[in-house]
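Across the two complexes that follow, chain A remains constant while its partner is chain B and subsequently chain C.
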Partner chain A sequence: MSFDWFVLPFSIGALILIVVLISRYILWVIKLSRADRRKSWRSVFSFKLFQAVWEVFNESLLHRKIFRVNALLGWMHMTFALGWFLLIVIGSVESKFHKEKVFNMPYDPIFLRYFEHDVHGFWFAEGFTTIMDTILLLLLVATIMAVSKRFFKWIYGMKRTTKLHPGDQIALASLWLIFPMRFIAESFTAGIYGNGGYLTQTAGDIFATFLPLKSLELGAWWTYSSALCLFFLFLPFSRYMHIPTEVFLIYLRKAGVKTPDNKLTGFSEFETYSCSRCGLCIDQCQLSETTGYDDQAVYFLQKLRRNILQEESSHNCLLCGKCTNICPVGIDITKIRLLKRTEFAPEMLFNYRHYENVIHHDERKVDVAYFGGCMTHLTPKIKIAMTGIFRKLNIRYNFVDENGSICCGRPLKLAGNHMQARDLMQENKRIIIATGAKILVTSCPICYNIFKNEYKFDKIQVLHHSEYLNLLHKEGALKLTPNEEKMVYHDPCELGRMMNIYEPPREILEKSGKLIPVQKEKNFADCCGGSLANLPLSEDNRRKVSKEALTKLLAPSPDILVTACPLCKKTFSNVSDTPVKDIAEVVYERMIE
Partner chain B sequence: MKTFGYTIQNDRQIDFDAADKKLYRYVAEKEPDINLCIFCGTCTATCSAAEFKNMSFRKISLFLRRGLTENLKREIESCMFCGKCTLVCPRGINTRNIIFNIRKGIEEYEF
Partner chain C sequence: MDTNKTVAVIGGGIAGMEAATFLSARGITVYLIEKEDKLGGHLLDWERLFPTMRNGSEVVKFLMDGVKADNIKIMLSSKLTAAEKSGKGYNLRINENVDLFADAVLVTTGYDLFDATKKEEYGYGIYDNVITSADLEKIFMSGKALQTKQGNVPKKIGLVHCVGSRDEKAGNVYCSKVCCVTGVKQAIEIKQKMPYTEVFNFYMDLRMYGMHFEALYKKAQADFGIQFIRGRLSEASEDQNGGIILKVEDTLMGKPLKLTVDILVLLIGLIPAKGSKEVGELFGLKNGVNGFYKTTDQHTLTNSSNVDGVFFAGACTSPKTITNTITDARAAASTVAAYLFNYRSLERKIEQNEDFWLYNTK
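Then we have the complex of A and B:
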């Protein structure tokens, strides 16, 4: 057995790391619901395991998603992850062959060059050493990239990178040290014994000309081992916790584990610790661009990890979902933030009993129930257009909230009052089912989201009015005369990123006029700033956000700005000189009777 | 008929001993916008809850300033948080956040 005292820092560090990781993971698995735990055990013996392994290879090693967003960053992450992984795997194989033993000490592959000076045959003289040197070279380049990213972030197309806390900084410094130290230690040994590859041998020979390698060698190996030890000790308390955790997160996802709609479980702990603090979300956040705000997704998750989260951080967010959209790890930050709000929400002083049985409908049979939503009553042109379309096409409809109705419950949920929202939802569901309609059409994406995801209607199809109008047009019932007006379309967050409705509004608009694309659209569309989700945002800052978003939308100088949400329409109308219209108004103007 | 809250001023002197301004100070610290209110009543006119129940943000604002917490508690319980009052407010007051903080304040001080 090869042994020297310098293997101890590495071995002790690795042992502590493994103990900490296992105890944390066990704790989080216990926090999962029983059904989720069963799902995760069962999937071990199914095809899902292979799917998870494939995705781990693609995302945790190759980092495909980061590549798609930013090629340079993707390359850096890939060489670090895949490089280190191969260094470990090929290193182990090499050491097993060298020792001619299947079970050798865990530190053998790490410090192999120090203990094995014997080079014999093709594999040990050239094969393995060349491969290992190539990987080390890639890792050294990645280290140089990482260091330069800290100081010249513009090279990587980033305006801002994540501000690091001390735990991160120590782990980062030791990570920067690991590969250069391995290179130096291996070169020193190669300089003395000639057991290096093309990189380490060349460097070793050069070092040998002017350095007393014999006395420096042991020190270099000690430093390498200590850097590894430091990295292992700080890993659980730093951003690098994402390296082991993401593997489990991917597996749990494949097993079908999700964050439930009403509370945070151990799964969100896996999500929170999978955040690599890459900082891609920072430049996405509209609030940070306009209001000097510092609770972007990455810092929110950081506060959550350190258990220092304040009410302000969970509430001061538009919940537009742009950070969730860009996140290469796929963490559902919007949902975590939303569920975290329940902890800060007031629980008393809600009484919705008097809303029971306040709304009655006539008994006539209808096909379509139309629910305008609170906001639609503030933008009456939308309801005039929708009821006009219903009448002209002789559709039997019932305007559920014509004389006002109770709220859908989503605004309460957005403020963290999930239990209270349930009371409203129950009553609203009863009202809508009582109409006897087969289709529920709503003009408000906020209502649409909750109707579709949480009301769980058995026999009623829920449609947003843009979907419904597009359907009518496809069926041939609705005919349009297009005109030459130039339009741009603004994707409402609740309809786009939350509900994935991008095409139906575009299809119907293309049939009714000239639709011009804008720079930021579909899942990258900006929030109008009117979001109900942000409680403490002041009117001034809201306007700033709206203006900023509006400038980008109006860049191609259209004749009208079209949106599909009464709240977006109202918010943009406040700051826009160009007319802002809802999709229903546009269709109503251009339909042939 | 909606009552916009203009008829709530019963004959009485403002009683500084009875008025407990703690809640008002709590809310004003969290949302200073409350001081911008001119009691125009637009919020009440648009309120979704006021269709069915006597609920008026204007009254809430007044009760809060006068420290009439008991009245405030009755008034506030039907708010559904839809946010229409915030959108129509001519002074740009974040009324939703005020309601939220009143509820929190009442819980915190256990009125």
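Then we have the complex of A and C:
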């Protein structure tokens, strides 16, 4: 057995790390619901495991998603992850050949060059040395990139990178040390014993010309081992916790585990700790760009990990979903934030009895139930357009909330008041079912989201009016005369990122006139600033967000700005000189009777 | 006592007219530049004035008598298109073809009316029977009876206060100052013309700050039976007969209220004029936080601008009543004269204190 005292820091660090990780993971698994735990055990013996391994390879090692967003960053992450992984795997194989044993000490591959001076021990030994040197070279380049990213973030197309806390900084410093130290230690040894590859041997020979390598060698290995130890000890308290955790997260996802709608479980712990603090979400956040609040996804999750999250942070967000959209780890940060709000939400008692006096419901049995939503009542051109279309096409419809309504419940949910929302939803659901309609059409993406995701209608198909109008057009019932007006389309967050409705509004608009593309659209579209998810936000800041989003939308100088959400329409109308219309108004103006 | 000084007054509304009158009295030659084909500005569209119900035309006539002076050159249908500093004064270009020199410039560009279509939930421009306070004045001026679009005598009329004023969402956080009492005045006028029509005023606060305003408000309740309901209109919709269904919360009763009226009148606020923006850009004039011109000081130098030789009068610096505007115009005339004749009064300085801290913005 090869041994020297310097292997101890590495070995102790690694041991402590393993104990900490295992105990944390056990704790989180316990916090999963019973059903989720069952799912995760069962999937071990299924095809899902292979799927998970494949995705771990693609995401945790290759970092495909980061590549797609930012190639330079992708390369850096890939060389770090895949490089280090191969260094361990190939190093282990190499050490097993050298030792001619299947089971050797865990530190053997790490410190192999120190203990093994004979590089010609077996037939492919030189090949191994060359491969290992190549990997080390890639890792050294990655380290240089990582360091330069800290100081010259513009090279990587980033305006801002993540601000790090001390735990992160120590782990980061030790990580920056690890590969250069390995390189130095191996070069020193190679300079003395001639056991290096093309990189370490060359460097070693050069070092030998002016350094007393014999007296420095052991110190270099000690430093290397200590850097590893330091990294392992700080890993659980730093961003690098994502390295081991993401592997389990991917597996759990494949097993079908997810965060339930009403409370946070151990799954969100796996998600929270899988955040690598890459900082891609920072530049996405319109709110922080405008207000300077540092509560973007990465900092929110950081506060959550450190258990210092304040209520304010959970509300400092438009819930536009842009961070979730960009997140290479796929953390559903929007959901975590929303459920955190629930934890802070005060108990409130509501009295809905006055509704009995105000609401008179139409009990006719019809084909389509139309629910405008509160915001549509504040933008009456939309409801006039929709009811006009129904009438002209002789569709039997019932305007559910024509004479007053019960809120769909989503604004309460966005504020964290789940219990109160449930009361509203039950009553509203009863009223909608009573219409006997097979289709529920709504003009408001906020209502649409909750109707479709949480009302759980058995026999009613829920459609946003953009989908419904597009359907009518495809069926031939709705005919349009397009005109020459240039239009741009704004994707509402709740319809786009939340509900994935991107094509139906575009299809129908293309049939109504000239739709021109904008710079940021579909899942990268901006929030209009009107979000109901951030009630404490001042009107001034809201207007700033709106104006910035508007400027980008109006860059191609369209004749009209079209959207598919009454709230977006209202918000933009307040700051826009260009007319803002809902898609229903455009269709109504241009339909052939 | 003719002097050789000239002043250009930009805007021929009541501020411009009265300032021109008082400048001319000091022997100053005045170019009174008005973009419309008549002097009088918004007052021409207003029938009667609060609180005395005097005819607006009487005030216009009074002001017209003032600008008949020989040294006032009235330029109608004229628009300032360029301005250039020349010595202590300005070379001005009107309508691309007329050039003139002025030793000082008095800006009296007034205000615009809030565009009520911006409050889509109130249905202006969508529902036939929703009109603005300005539309109502035009109906009064025409002498025609107030009717619904369907041609019926209205049985119920609602007036909504603070439309586009004190409304963060509309981007105007300030009080327009004149609408509260206009609402009371118009409610009374409706009652005078149609005693059997019920009139409801929906308000947030009623600011009866001026002399006699409170008396007018009291009269509206005691003698005319006008109902004042504290609560902002949340939305309006139309019923099958063209009636306007209002959803309001009666905040004194603490109850939501639903009411159908035959006509809804929106008491629209005053906003910075488009013309002010254009003129401001020509001279490099600063705007305050609310978009009106920023005066050099809030309390003392209320007619001075950030640009040497350019002064303000009237509602271009903040919403003002007619009384306030006329007073301000005379003050401005005095300030301009002090500038032209180097009175010591203009040498006084006061330490500036910013009003921005009042707003959560910069």
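A few points about this structure:
Note that in this section the second predicted complex is superposed on the first by the 575 of 593 C-alpha atoms of A that agree within 3 Å, B and C clash if a C-alpha of one lies under 4 Å from a C-alpha of the other, contacts with A are read in each partner's own complex, and residues count from 1 in each chain.
Going forward, a contact is a pair of C-beta atoms (placed from the backbone, for glycine too) under 8 Å apart; a residue touches a chain by one contact, two chains touch by 3 or more.
Since the model is a prediction, treat every value here as computed from it, not as a measurement.
When the two complexes are overlaid on chain A, chain B and chain C occupy overlapping space and clash.
In the superposition on chain A, A:411 makes contact with chain B only, while chain C stays out of contact range. In the superposition on chain A, contact of A:570 is made with both chain B and chain C.
Once the two complexes are overlaid on the shared chain, A:557 sits clear of chain B and of chain C alike.
When the shared chain is aligned, chain C comes close enough to touch A:384, but chain B does not. When the shared chain is aligned, chain B and chain C each come close enough to touch A:538.
In the superposition on chain A, contact of A:346 is made with chain B only, not with chain C.
A count of residues in chain A touched by chain B and by chain C gives the higher number to B. In the overlay built on the shared chain, the residue A:424 is in contact with chain B alone; chain C does not reach it.
Steric collision with chain B, judged by C-alpha atoms after aligning on chain A, is confined to one stretch of chain C among 254-262, 272-280 or 308-316, namely 254-262. On chain A, the patch touched by chain B and the patch touched by chain C overlap at residues 354, 358, 377-378, 403-404, 538-540, 570. The touching residues of chain A, when paired with chain B in their complex, are 345-352, 354-355, 358, 374-375, 377-378, 403-407, 411-412, 415, 417, 424, 530, 532, 535-540, 567, 570. By the touch criterion stated above, chain B contacts chain A in their complex at residues 30-31, 33, 46, 48, 51-53, 73, 76-78, 80-84, 87-88, 92-94, 96-97, 100, 103-104, 106-107.
Taken together, the chain C residues at the contact with chain A in this complex read 118, 120-121, 123, 126-127, 168-171, 234-238, 245, 247, 255-256, 258, 359-361.
For chain A in complex with chain C, the touching residues are 354, 358, 377-381, 384, 403-404, 538-540, 543, 570, 573-575.
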